[in-house]
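Chain nomenclature is as follows: A, B, C and D, assigned in order of appearance, with residue numbering initiated at 1 for each chain independently.
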Amino acid sequence: MTLPDGQEEEAQGDAGAAPETPPPAEAAAPTPKPAAERPARPAKEAEPKEAPRIPPPAGSINEILAAAVPGVAMLAYMVPTLQGEAVAVEVGRDDLVPVMTAARDDKRLDLKYLRCLSGVDWQDEGLEVVYHLSSFTTRHQLTVKTRVTYDDPVVPSLASLFPAANWHERETRDMFGIVFDGHPNLVPLLLPDDMTDHFPLRKDNPLQEIEEWQGENLREGAGEGEE
Amino acid sequence: MLLAAPSFGISQPAVRALLALIVITMVMTVAVAYATWYERKIIARIQQRLGPTRTGPFGLVQPIADMLKLLVKEDLRPADADPVAWELAVFGIFVPAFLAVVAVPFTADWLVSSLPLSLLYLLAVSGLSFIGFLMAGWGSNSKYALLGGMRAAAQLISYEIPLILAMIGVVMVTRSADVYSIILFQDRVPLIVWQPLGFLIFLTASIAELERQPFDIPTGESEVAGGVFIEFSGIRWSMFQLTSYVNMYVFSLLGAFVFLGGWEWPFGRDVGWGYQLLLTSAKMSLFIVFYLWARATFPRLRVDQLMSYAWKVLIPFALVQIFLNGLFIVYDPPYVDAFLLVSSGLGAAALVTLVYQSVRVKPRLPLQMFSNTVEARSVV
Amino acid sequence: MAEVIAQKAPPATTPEKQIEGAPVVVPEREKTGVEREAERLTPAPYEPGTALYRQVLPGIMQMPVDALLAFARESSLWPMTFGLACCAIEMIATYMPHYDLDRFGIVPWPSPRQSDVMIVSGTVTKKMAPAVKLLYEQMPNPKWVIAMGACATNGGPYTRYDRVLQGVDKIIPVDVYVPGCPPRPEALMDGFIALQHKIMEERSK
Amino acid sequence: MVAEHEQGLDIVDMPINMGPQHPSTHGVFRMVLVISGEKVVDVTPHIGYMHRGGEKLMEAMDYRQGIGYADRTEYLAQFSAELGYCLAVEKLMGIEVPERAEYIRIILTELNRLSSHFMFMGAFGIDSGLFGTSFTYAFREREYIQDVFEEVSGDRLMYAYFRVGGLAWEVTDNFTQRVHEVLKKTQKGIKDLDDLLTKNEIFMARCQNIGAFTADRAIAYGLSGPLLRASGVNWDLRRDEPYSIYPRFTFQIPVGNYGDVYDRYLVRLEEMRQSVSIIEQALEKLPPEGPIVPEKMPRRLRTPPGEVYAKVESPRGEWGVYLVSKGGDKPYRLKMRSPSFCNLSALREMTVGQFLADAVMILGSMDIVLCDVDR
């Protein structure tokens, strides 16, 4: 299962180059392999860089949400799920709480079940927090997203609205460094208690190298298996 | 003991008692070592496993190996343990167990010393062991041990009372507190026939005194992880295991003698010590197999359930039993045995139904089943 | 309570009025979480126990007593109930009727004080490593360690993640490595048999 | 005359540490209980001892290599985890899974639900105090099921048998006959455990109205699976958000009334019986032969940029995969929504006010898998 180093290099290089239209700043693939040495690959058809943002059809729940929270800039688009398509809404950071309270308390929406809260590290486009909500009575599903920049990674906490968010937010803070202010107990959850400055899941945190030989000096003769 | 038989002719009683004690300790140590063996074998067989088979034929050498390994284990003592309580805890538990063995008449003429009040002596001495548990719990200065020690003290004290009350019922019927004469009293009919309620209370209280499975709260594996013995290692810890098996032997013998007629009941006294010994060990093993079977199949009671069961159920029933005995013995109706049997039998039946009903007092709604085809609205 | 706002770099202390001639006190950089954790991951000291009986009867009947006690130790190995990850499920399966470690006299005990073998079954992360070290030190002396599975041997499939210790032998000395991810119950039994052979040969403990 | 300060003897609450190594914490989970006497006053769970970065490593692996990590994260219901992972990637790539592969997937996932619930029955018996008997009975059945998994996928625990688009290779030819045999043994096993535990007075006394949790608190805490259904919420992903071919089978969904530890046990016991009936229906409808991988499968799996949140009903609850892809053959971000993590966050509210022995029972009734909690 461990990654053979050779294949990993090539895969790293390959993934880095393929999707983005390589503006010069990003094109610095980690291992600048001389092009001649690599086998000439057939020209691939230009892959779409970004997922198509199809606006949701009329009458879907983002209208109800917009009505419930007037005057909030919302970018709505469709997102695939196993059962077809669902509505996703991108909201600014400071009107996240009103949108969430409306989604939870509005009788027509009734999105009481916070399924999953995850952080996504988009490297240069900042950090993103994704909330998946769904409701048992009206069977609606909604995804709410907010974007924050690297130098000011603060998002209002929803722990008071949804108790489920309590642990998810602590985990996202451990992994991405997104600070949820207003959280009752933002102590590291998955990392040791004194480690608040190391964020493992960020893209700039590399995997560690495999050490060649371990545990040779622990016990004299442990390594050679003497006698 | 063996030496008490006329063939040995050692006159001074003190030397004879000393030799008997030495023989008893040897026999008891070997018996206890092989108690660990057959406990693992029987429980393994209940759990469809094989139990130790590799060390020696049928794993017979296993207890010796365990004993030797524990002997040469490093003897750790926690740094902040209280030295006095820690050292004496082992003896606090070990000595009462062996004291009790002194007064147990194995066969008609095999007994270390025939005490006129041997039943009272047995119950008193076996009640001493909770001090050892407290010392072990307090001495090893660990929260789990302290919790286990407190639980052990509470449990042993509160189950001492129903045990003694059940025995009082027996003493009232046989009019003597000496185990020897109680056995002689049962030459026609074992006492279990006349005192079934007393037998049930004795059985439950003895499991609690031994801290075996339904009542093994002080050393509950899943809660306090070994409880009182958590800090002891090596030979010190094996002393605790040794005493728990000695206690098991003592209480099985007590139950066999007092309720099942000991070596007297079917064949009488003059049949030779071989048969008597066989009969006693057969009856004793009935109790031991019950203890092992309970250990393998009963979940553990919670502390407050255990206490309320002792104080609110066992003690009232034991008092009722004593009251009924007193009533019939004082007024002495013509068929006093029949009256005793009927009253005690009804008491036992009442105790069993109370236990059965105690959990089913509020009828529970069964699970609701929703079919997966219809689009069922959620209950909330 | 760790401070809530996570600064990227520790705040630079503003230099107050600098006293001439006074040695420039460089504020010792506050250690990052990773360095503090590295200090906790030092390997546990291994001191072979001196057998008690060897001091009591130094030369007399040395060989047979060694052999007898080694046989006793080998045939009643008591592991500690200590499962970490997926290998713990295979370890439990080995105690169960199909494979039954009880046949070898192997009974799991809850407390480290009464156990001789520590089976490290699963990934040892850097947050768990101090606890594993403490458990190892709490066990009385003739003690052995079985590193069960690829994760305990050298980090296994999770070896490239920086929160995972690459092998438990970085903190405690290991006697038997059982390969596999997870190793089959037969492999664990083979590990125990290898440990038994090792105990018989290495009687000096 | 008792001195003034001695009259007011206040009882000091004792913090007890049920540490990472404890017989009843199902792995490396630590909780600090503050108890006064035997009552639990406060619980602070500490997790993260098994956080070994499954998500980060999956980002460095392409879609075929990542399946092993889904197994190792949820190591008691591996087929549910693999199913969730494969469904997410197939949805993004728009691949149609052939009929025969769908049926075999459902049969193996439901068999895996049985073996996971057997593991729960065994561990729950140990928490309640049985000296291992429930474990040995449960594992006898689990070994039969694991034999079938081994014949099919070659490994006892880490199968990596589902592939994006279908299955890795064809099943053994006596597969249906072997599964029928195992189902007979499993029904006998379920009856054994039912007789051993359900009607046992001490077990009922230890489990009834302990750690009761109302329906709306369960929804607020994001519980899922048997815990949610035991609290009375009639929610099962196999029916309410149907995936794969579950709508073709008819089975019942058990829902409890009190939400306590006994109801959770009964719901799981009933689910085992329903799984047996699902497997029997699937075995009848299993097409005897047919492709198990779609014909035109690209050599290197490359997904178009986009995101999907796929969720599967695993024995512990809703096991979800939030897959974000920027194109290429590696997931850009893959979050595993683990049911044990969400169920465990409600431990504190369930345990405060109960006894110490009940805290162990409540933790056991949640049936958590520690690698699933810490990923």
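Worth a mention:
The rule we apply is simple: a residue touches a chain if its C-beta (ideal position, glycine included) is under 8 Å from a C-beta of that chain, and two chains touch if they have at least 3 such contacts.
None of these values were measured; they are calculated from a predicted model.
More C-beta pairs in contact connect the chains of B-D than those of the other pair, out of A-C and B-D.
The innermost chain, defined by the distance from its C-alpha mean to the mean of all protein C-alpha atoms, is D.
Centre-to-centre spacing of subunit A and subunit C amounts to 35 Å, using the average Cα coordinate of each chain. Each chain gets one centre point, the mean of its Cα atoms, and the points for subunit A and subunit B are 61 Å apart. Rounded to whole angstrom, the centroid-to-centroid distance between subunit B and subunit C, based on C-alpha atoms, equals 40 Å.
For subunit D, the set of residues that touch two or more other chains comprises 22-23, 48, 51, 53, 56-57, 60, 68, 136, 140, 216, 219, 233, 235. Taken residue by residue, subunit A touches two or more other chains at 1, 3, 136, 188, 191-192, 200, 207, whereas all remaining positions touch fewer.
Under the contact definition stated at the top, the residues of subunit B that touch 2 or more other chains are 47-49, 221, 225, 377-378, 380.
Taken together, the subunit A residues at the contact with subunit D in this complex read 1, 3, 8, 11, 14-15, 18-20, 47-51, 79-83, 112-116, 118, 120-121, 130, 132, 136, 139, 143, 162-164, 166-167, 171, 174, 188-192, 200-201, 207.
Residues of subunit D that touch subunit C in their complex: 19-23, 27-28, 48-54, 56-57, 60, 68-69, 72, 75-76, 119, 135-136, 139-140, 142-143, 146, 156-158, 370-371. Residue ranges of subunit C in contact with subunit A, taken from their complex: 1-8, 32-34, 36-37, 43, 46, 126-127, 154-157, 159-163, 166-167, 169-170, 172-174, 181, 201-202. Contact residues on subunit A toward subunit C in their complex (touch as defined above): 1-3, 173, 177, 179, 181, 186-188, 191-198, 200, 205, 207-211, 214-215, 218-219, 222, 227.
On subunit C, the positions that touch subunit D within their shared complex are 80-86, 88-90, 92-93, 96-98, 110, 112, 122-123, 125, 127-128, 131, 135, 151, 157-158, 160-164, 181-182, 184.
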